[in-house]
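The same chain A turns up in both complexes below, where it pairs with chain B and then with chain C.
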Partner chain A sequence: MKTKSLRALPETETSTAQKPPWAAFSRFSPRRRSKKPNTHHAASVLRFAVILALLLWAPALYAGKLKVVTTYPYIASITEQIGGDRIKVDHLARGDYDPHTIVPKPSFIARLRRADLLIISGAQLEIGWLPPLLRQAGNPTVNPGAKGFLDLSRSVRLIDVPKSVSREQGDIHPDGNPHYYLDPNNIPLLARSILTKLSALDSRNAGYYRSRHGEFAKLWNAKSAEWNRKLALLKGKKVIEYHKNFDYLLRRHGILLAGTIEPLPGIPPTSRHIEELEKIMSGGGISFILQDVYNSDDASRHLSKKFNVPMVKLPHDVGAVPAAEGIISLFDEIVRRLGQ
Partner chain B sequence: MKKILFLAIIMALPFATALRGENEGAPFEAESGDASDSPFNQSKFVPDISLMLDGSYVFRNTRNAVYEMLESPEFTLTPGGESWHGHEEPHLRNGFNFNYAEISFYSMVDPYLELFAVCSLSEEHFGLEEAHFTTRSFPLGLQLRAGKFLSGFGRINEQHAHNWDFADQTLVNNAFFGEDGLSEVGVRLTWVAPTDLYLMLGGEALQGTNGRSFGNAKILNVKGTPVANVGNGPNLGVAYLKTSFDIGELTVLAGASAAIGKARINHGLDLAGKSGAAFAGDTRVLGGDITLKYMIDSLRYVSFQGEYLFRHMEGRRFSNDASDEMTRSDMDKRQSGLYAQLTSKFSPRWRCGARYDLLWKNRVRENGVDEGLPENMPRYSGMLEFNPTEFSRFRLQYNFDASKYNCESGAPERKINHEVIIQANLAIGAHGAHSF
Partner chain C sequence: MNDILVSAFFLSLVLVGIHAFFGLEVIRRGIIFTDLAIGQMAALGAAMSLFFLDGALIYPVSLAFALLGGLLIAWAARHTDNLEAFIGLLYAFGISAVYIVLSKSAHGMEEFQRLMASDILFTPLEEVIKTAVIYTALGAVLFFLYRRFEGFWKDALFFTAFAVTVTSSVKLAGVLIVFSLLVSPALIALRFDGRFMLIKAWAIGTVANLAAIIASYKLDLPTGYTVVFVNALFAIAVSMVPRRRREAAQ
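Here is the complex of A and B:
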């Protein structure tokens, strides 16, 4: 469950998802030291003692660190960039799964139980799986509205906020399109919110967080300029999308959405809807079909073959494809795949 | 049990005061004022409300009048004889069944408590399935719930009918806890351990008026004289331990539960000129459950769920024949049952599954003599489900049911039932997500 950190910045503390279940208990006995080594086997006993002490102390070392749990890997990656080795970051959902329908595993409850800070993507993306977990975790520190809760969607402007909502329109989000994080220009806003929150919860390390954030922001600006330059070349092109995952990016760069494979959000394609798309595509001028990694690509593949339009599989989160190891490589990969 | 209540109140006091001022005061833009906007408008405080509807069409090879008289000896009473949320058991009749409509309400009460209620409606009845509050501000992984709620005993008991993988209740839960499940008025305290491994401990003090295994009914003879002392106060204690971990994409959830209480159950002992019976004694129900869920990918899974329950009831049975002659006997019932079900979401909108249900051991001794009742009463089920969205579900289920007997004429006589159930279950409004 570890989110690989950005290569440009030093490697940060790894997640402890692989830690044995009893490790947490050992925190309660950190003062236990090995006895004076016997002179005969001094070296081996000493080595053993050091290993034992390390094992016992390891959990104690990060016990003082701020424990951050994020819903999606992309948030964990941004948070790691800012928090570095002064925090312990862990994410719940897998990056290659549909973010709308994560299975609420009880093991997530155990992680939320001990979190000091929970960072969610918000805009109702987690509504289908997070609320029962939070309810069962019994951790008031990370309840919505508490100090240890951060909803990132509050720091950006959401698009496509529906005037009225009805489930007739499929799985719509009343607050607007929740995939705002797939626009690189929104990431600095998220990073700033995370910095503010980390500094508020852990003021001792505020300076450290600020300097890491500064480095990250500088790097992001440089990367952004490069991505924006490449994406600008796609201006005016028409695309078909499976689900409205990339609308923020498309809109910012003047890429036109000609249709979606889903007839309505969350509803799989029907043959009648595909016929309609075929009508649109037969007019020509469609440059790509954008497909995610978790939904069936049968419809996209069919249209791609029929009209000889490339299907581009885009990662929607860190970990969705092997190359998207962190928040920067995620966008490197998106831009690379779009540019092909 | 009183101790638990007292402890809970004592613990609640300091934290209620300590957890103030946690609202962050996120800056909101002022809403543009509608003409209807009164300065005292409270419409934004409407709780989450949802309505659920469940209906079915049933084909059964047994006529309704016969089916309603069938029972699983010493496990269940006749299906027609009991009420389900104050109305008929679902899928009871051949033909169309309006099983239930369910209205649920959920909201935070204040920064510390949340409230949840489910009302069950049928054509003529209104029932309260659950209505309880739960603390959201206790520290140390503790949570207190009070009101009427589904007990955390076992796995399937806490799930609402619309969340089951099959159209009907499992045989063993129906036999031991009745059609409503173990749903009682009382208080619960749960604790989630601060470990990487999910570990949850729960304890409940309940009134215990279940009617199948527990009860505090007055037991009177035909003259109106009590023949057994009546329960006074909570008479059921439930405890459980649950644990869960992941092995790659396989999630394992296992639990052990115990329900220990008094049983004062009356079935018409006080009715003159009719045969009736009553039981006064102690009941223990022990259970073990395991769930294994393997995610094939983001949208598909295979899931196994199984539960074993054992019941021991010990006490006196009173029975009354048509000539109002009352007899007492010492009863010792040791019964067990289980279910095992395998389901698979094999495509984003489709699920299928198979279930094996068994009422297993049935050792009932009256005054030390084994009654020689039927054992090993199975039911086999298969289902196919189409879920157009997460708000609608259409299910086709077949049951081969060998668990029911005709006990009208002396020795129990097995009646095999073949059932086909076509079920529709729909939800509108703000319905909260389900837990694992």
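Here is the complex of A and C:
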């Protein structure tokens, strides 16, 4: 349509009221018109102009996509499932690092500046690294509370919310345990919030998002039935955890937490604390020691060897281990490793 | 994007401005680790404030600890035989004390790092300008007073000014960046014999920081660590060039 009208345009009409927007680029044409009319030449110039215009529009078509930035890879993976090719998703943190401490790079700020939507995990998990990035990015669209901001922790009920926040009791997370996303039963709630947000920001594609979300929800139901069946076998077993990463999953399946290797969240084990754990473990009945990929596993290894209890390294995010490529394979891998 | 890198670059220049002076002096006196020791004492003060006062009075407390560290070194300079060992141990004392104080506080280390090792990327331009004004004034005081003082008072002035500077620089850019900007340009400048050492150090620091910031942007590397890396690499490379051959080549 556009191409046709452009080609049909007679040379003399360029200066009339129907001036096309690309006329600004064709400042060579008046001089040419003063010479002998050369229709062949003019046609090739027009063809060139069309190609040029298409080339110029290509990034514009791309820019029409909603640009979503997420803090962690697991959020990017869920968002991709719903947004498909109508959005561009990008995550800041890497999945194999400690989610509490992320070293910022210049590109983080650049990406936050361009973003239309920022999705965070929330519950203070990003408190140590995201606020200064947001301040420096200065993008009002994605600031907390703005239209282009989504805090996923608001869609689930958090556990271990302290009654009073005091440093001595080790309650630095006043909102509760922030690792809620490591329970497959919470993921549909997150997916629904993401669907609502994407549809609100980009209503043109709302139908597309809804149908993709429907497919994802169906797949997830089938998958989590399988996971729940396998995890149900672990009911009543006792475990030790390094950090309280998997409390949501443990509690849902009646797996008992006998202790943590950290004396307090974020504090490496002390000798007296290890002694206490040894006392607990010498009583027997501990099935696993759960260890994450980013903390030192020296203490877990020591206890595992001493009491002949297997240490299980669990991925805490997409990309934490090579097998956890997306949100589904992340839980496949967690369940597989727990079932071994 | 450029505004952030410009502000990081200006900050590195402001830091080189004052620290090159201190750097030439600490290398001459053979007390390079004074910076790390004082920085760590300031950090200990911040940790104390965080743990006992919930983060109140963080600046005065850390400044007090930094001054205490500075005065201890000034005293040790006159009364001990192995000053460098004393300074090194003061550093070890500071860093271990921080860990001990914060071991009773959940996520205390993360909270602490958030307060202390602020990233060079995140310093707003207003803060950079404020620091530039303060350091220029401090530099002027040192320039006019330092050579008039003698003996203990000279040391007292030096270590007090150094403690004040290190406390606020560490707050802006982190211990490691401050250390590298202190030692690296001064060390390279000392390889070129002659006069105007300070101006040479400034020029060298400017070039190194510009290279680091551009590299950090182009290759998307953590800005703070890139500044440290480039400055250190530059100084190590220059130090390894044999002095005599270089002169022969000229």
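Keep in mind that, in the parts below, the second predicted complex is superposed on the first by the 277 of 340 C-alpha atoms of A that agree within 3 Å, B and C clash if a C-alpha of one lies under 4 Å from a C-alpha of the other, contacts with A are read in each partner's own complex, and residues count from 1 in each chain.
Keep this in mind: a contact is a pair of C-beta atoms (placed from the backbone, for glycine too) under 8 Å apart; a residue touches a chain by one contact, two chains touch by 3 or more.
Since the model is a prediction, treat every value here as computed from it, not as a measurement.
The superposed arrangement places chain B and chain C in clashing positions on chain A.
In the overlay built on the shared chain, the residue A:Tyr294 is in contact with chain B alone; chain C does not reach it. Judged by the touch definition given at the top, the superposed model places A:Asn139 against chain B, while chain C stays out of reach.
Set side by side, chain B and chain C differ in how many residues of chain A they touch, and the one touching more is B. In the superposition on chain A, contact of A:Pro265 is made with chain C only, not with chain B. Contact with both chain B and chain C is seen for A:Lys105 once the two complexes are overlaid on the shared chain. When the two complexes are overlaid on their common chain A, residue A:Asp96 makes contact with chain B while staying clear of chain C. By the document's definition of touching, of the two partners only chain B reaches A:Lys147; chain C does not. Shared-chain residue A:Gly128: touches chain B and chain C both. In the overlay built on chain A, none of the stretches 23-31, 41-49, 59-67 or 311-319 of chain B clash with chain C except 59-67.
On chain A, the patch touched by chain B and the patch touched by chain C overlap at residues 101, 103-107, 109-110, 113, 128-129, 132-133, 135-136, 167, 170-171, 266-267. Across the complex, chain A is touched by residues 19, 22-24, 26, 111, 114, 134, 136-143, 190-200, 242, 244-246, 251, 253, 293, 295, 297-299, 301, 348-349, 389-391, 428, 432-436 of chain B. Across the interface of their complex, chain A is touched by residues 1, 4-5, 51, 54, 102-111, 113-114, 118-119, 121-122, 124, 216-217, 220-223, 225 of chain C. For chain A in complex with chain C, the touching residues are 100-101, 103-107, 109-110, 113, 128-129, 132-133, 135-136, 167-173, 264-267, 270.
The residues of chain A lying in touch with chain B in their complex are 16, 19-21, 23-25, 94, 96-98, 101, 103-107, 109-111, 113-114, 127-133, 135-140, 143, 145-147, 154, 167, 170-171, 266-268, 294-296.
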